[in-house]
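Okay, so here's the structure we're looking at.
Chain nomenclature is as follows: A, B, C and D, assigned in order of appearance, with residue numbering initiated at 1 for each chain independently.
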Amino acid sequence: MVGSPVLFVAIPLLAAFIIPLAGMMWKNSVRVIPGLVLAFMFFLSISLMGYVNEHGTIVEVLAGWKPPIGINLVFSPFTGFLTTLMTFLGFIVWLYSYKFKRNVDFEPSMKYFMLLMLLVTGSVGIVLTGDIFNMFVFIEIVSISGYGLTSFYTRRDSAEAAFKFLFMGAIASTFLLIAIMIIYSQLGTLNIADIADKMPMMNHKLKVLSLVFFILAIGVEAEIFPLNGWAPDVYTEAPGPIGAAFAGIVVKAAIYASVRLVYTMYDFSGAFDLFIIIGLITFIMAETTALRQDQLKRMLAYSSIGQMGLVMIAFGIGTKEGVYAALFLMFNHAIIKSLLFFSGSYLVFNKKNKYIKHVNGMGKYLPITSVLFTIGAFAIIGLPPFAGFWSKLAILTAAADNKMVVLIAVILIISILEAVYYLRVVNRIYFYDKKEKTEPKKPSINALVAMISLGIIVLVIGFYPDLISGILDRAAADLMDKGNYIKDVLTLNK
Amino acid sequence: MEKYLNILNIAIYGSAVLLMLIGLYGALTKKSLIKIVLGLSILDSGVHLLMIAIGYLKDGTAPIFSPGNEDKMNIMVDPIPQALVLTAIVIGFGVTAVALSLVIRLYRHHNTLRIDEIKKLKW
Amino acid sequence: MIYIILTLTLLLLMIASAVYAIWQKDLLYAVIASGILSLFLSIVFLILQAPDVALTEAAIGVALTTIIFIIAIRNTVRFEDEHDKKNVKTTTK
Amino acid sequence: MKKVIVLISLGILGFYLIDIFLGIGFGVPHFTNGVKDLYLSNSKDTLKVSNVVTAIVVNFRGFDTLGEVTVLFLASTALGGILYKKRHHVGERSVLFPASQVVMSGAKLLFPSIVLLGAYVFIHGHLSPGGGFQGGTIIATGFLLMLLTYRNYSVSHNRLVYFESLAGILFVSIGLVGYFSKGSFLENVLPVGNMNELFSGGVIGIIYIAVGFKVAAELTGIIYTVLHEKD
């Protein structure tokens, strides 16, 4: 073993405290250090994944106290997969925005990169931690860095979007505290494995109510339907790469939290139906709203919410195939949506309001970016040679195995809607004439590298889905095996 | 004595819940941004009271082994909710500070604090 | 017995100041009322045998939160109905 | 109309909350084999820390505290980013109103004692109520008093950054020392000493002092940023 899971949190925090000092000596260090840290986290998670595949789940004890007393971190195939995905995306987002902020002053750029690093750290912390209150702390870390990043540009509307996010986030955090206290008052513990172990002792009514409070709280970050009012505004107003970071990292962490609750902590099966219902409503509402949007980023935001609904549906199916499909979908969505956000924000660069009509005729001026956007659009619709096809196929097969015919029909119909609004944009890129005189902004080298590497991943996974299916399979098996999780954490010999 | 404890049961939980509801009411219906943030901070206070109340033990002592107090472990109140509230208070302050700085920036741009005049903030 | 009466009084005062803080149109008074709420809350924490929390609530809730609200009010406007000219005229000379 | 909807939904929420918590009960033990007793006995026997809340905050759940310190750090960072303006002209410092001579001398007199009290509170965090957060906040209120009283009182921004960063680095490095020498992050590496003595509890005292400095610097920084925001 090269490192241990605690370094995912300790090293970025150490770096965050060092950066202000280092920035006084060498100004560029404020952008370089976060990148190095994110790269380190990515390599650490890859090497730990290798270790986990051979030796099984790592349970890291903190402060030398065994799990019911102390906090523990769990690096299993499932959490490890998400960690690898998140840290990779974090690094890509950093790479994309490395030069992007050159025209900004020293102080805001320091804050931007620091907040970005801690956003990734908080999300990784949510995934790794094995303690619900610790999860609350990490959710707050993610939220506060999210507020800061959203209002990064001092344009008019970004502060409004951030305030909206903060309003919902603050109410959600109180609900989360209430849910944690209900659980604590009944079971006297905060450790997830211990709670899962003792869950049958809990009064059924309190169990349901605490789950409702949990879902209300986590649903804000997970962009579940009635609670996602903040998301379109935030995606529109935040800097382009931050939209990708939200879609690819933060929302994934929140989905993980709700999945961990339903699959591991609670022991009644009604929650799965709840997932399907919530997911369906979110999916339908978001995709139909996306059809009506005339701003590019808003459209991408609603599409992102819709995809999250699809992930919820897949988790709600509740079988191993369902989980496999959901994880595949999460992976694809993280990669593809980041690609779309990256290339999309160059297509409408420096345009007020970022209307879809601004992409008219960009195919001639920005050939590479346009091609990448097109790949992303085709992939997310689920056209055959691209990565998105396999995940949609997986979810449809999982639904078919459980004879959920209505579900399949709905997913197919909504997918057509999705195709309509994405192809509309692609159509404008290639077959419309550009009207404005302004020269489009050429992407910088680092942004191009980031986008192309994402595009290559989309293509490679599209042609060879087997590359990733083994990892996904192990991750899905790990999530389904609740007894093993409890055993790993509670019977720790240290 | 049982009866008094009952009164306290209703009074403490009732007032904690009432505080939360008052805060939420303010946050949801008021038009002034500062009032909204104020409502959120009152909501926080209510939750903190709720959490401490759960840890309380009748005739308990504070969870401190001060000299002469070492053998009173059985009647100590639960220290864990207190530690959690300690964390939650500090986090709440951080959120309030960020919220108020956003309010100041919104005022700088729009010259008003009323959400019905800041177009997008309607919900 | 005396503790119960004290607690009940404090809780009542707390609720009263919360209602006042939400009801009052003058934001400065509202903020002061919420500071007073925190003060009572910290005494309630003390009665509930949580001295650490009481100390934190007293320092953060009473002092810092109130001050940061007051600074925010000074940088913005003092009244909830800021366009109510009559209101503004009479109190801000 | 909106108010009616809000009131109805608040009524439902309130009903369920009251229902839940009255069912849970007040002043009675709620569970039998929770971690409470483990915390109490371990804090007494293994760590020799008399204030159990401190033991939980700094050692048993020290990771939470690290996160909490980070939240404050993030808040001050985000605050600076949100209120950032290109030109920093440091002209007339804005105070609420010019203070009178009495207030000025009073503040000068009070300031050292407030700082001393804060330091006392966080140094004795493991023995008596209080600790890093409380002490740090008290020190910050001392600076607040000076900032409000004197027009020209300024806190060096660089010095705040030094305190903040060094205290944070100290916290994480103590954790890493525990990780490299004993194999688990934030584990106690020092002898625990005797109960109710100043030098007891191993690293707990040191961590709480670091937290105290960090919280004081951060809160002062937050107040300073907001206070000097005015155009």
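The rule is short, and it goes like this: a residue touches a chain if its C-beta (ideal position, glycine included) is under 8 Å from a C-beta of that chain, and two chains touch if they have at least 3 such contacts.
Every value quoted in this text rests on a predicted model; they were computed, and no experiment measured them.
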When B-C and A-B are ranked by contacting C-beta pairs, first comes B-C
For the pair chain B and chain C, the C-alpha centroid-to-centroid distance in angstrom is 12
Cα centroid separation, chain A vs chain B, in Å, comes to 30
Chain centres from averaged Cα atoms put chain A and chain D apart, in whole Å, by 31
The distance between the C-alpha centres of chain C and chain D, rounded to whole Å, is 21
Shared-interface residues of chain A (touching two or more other chains) are 133, 137, 140, 144, 147-148, 151, 154, 159, 162, 178, 184-185, 190
Two or more other chains are touched by the chain C residues 51-52, 56, 60, 64, 68, 71-72, 75
Contacts with two or more other chains occur in chain D at residues 17, 24, 30, 35-36, 39, 51, 53, 61, 64, 68, 71, 74-75, 78, 82, 129, 133, 222, 226, 229
Chain-chain contacts, ordered by label, are A-B, A-D, B-C, B-D, C-D
Residue positions on chain B within touch of chain C in the complex are 4, 7-8, 11-12, 15, 18-19, 22-23, 25-26, 30-32, 34-35, 37-39, 41-42, 45, 48-49, 52-53, 55-57, 60-64, 77, 82, 85-86, 89-90, 93, 96-97, 100, 103-104, 107, 112-114
Chain A contacts chain D in the complex at 4, 6, 9-10, 13-14, 16-18, 20-21, 24, 60-65, 68-71, 105, 107-108, 111-112, 114-115, 118, 125, 133-134, 137-138, 140-141, 144-145, 147-148, 151-152, 154, 159, 162, 178, 182, 184-191, 203, 205-206, 209, 494
Interface with chain A, chain B side, in the complex: residues 20, 24, 27, 33, 36, 40, 43-44, 47, 50-51, 54, 80-81, 84, 87-88, 91, 94-95, 98-99, 102-103, 105-106, 109-110, 118, 120-121, 123
The residues of chain C that touch chain B in their complex are 1, 4, 7-8, 11-12, 14-15, 18-19, 21-22, 27, 30-31, 34, 37-38, 41, 44-45, 48-53, 56-57, 60-61, 64-65, 68-69, 71-73, 75-77, 80, 82-83
Listed in rising order, chain B residues that touch chain D in their complex are 5, 8-10, 12-14, 16-18, 20-21, 24-25, 28-29, 50, 53-54, 56-58, 62-67, 70, 73, 76, 78-80, 82-83, 86-87, 90-91, 93-95, 97-98, 100-102, 104-105, 108
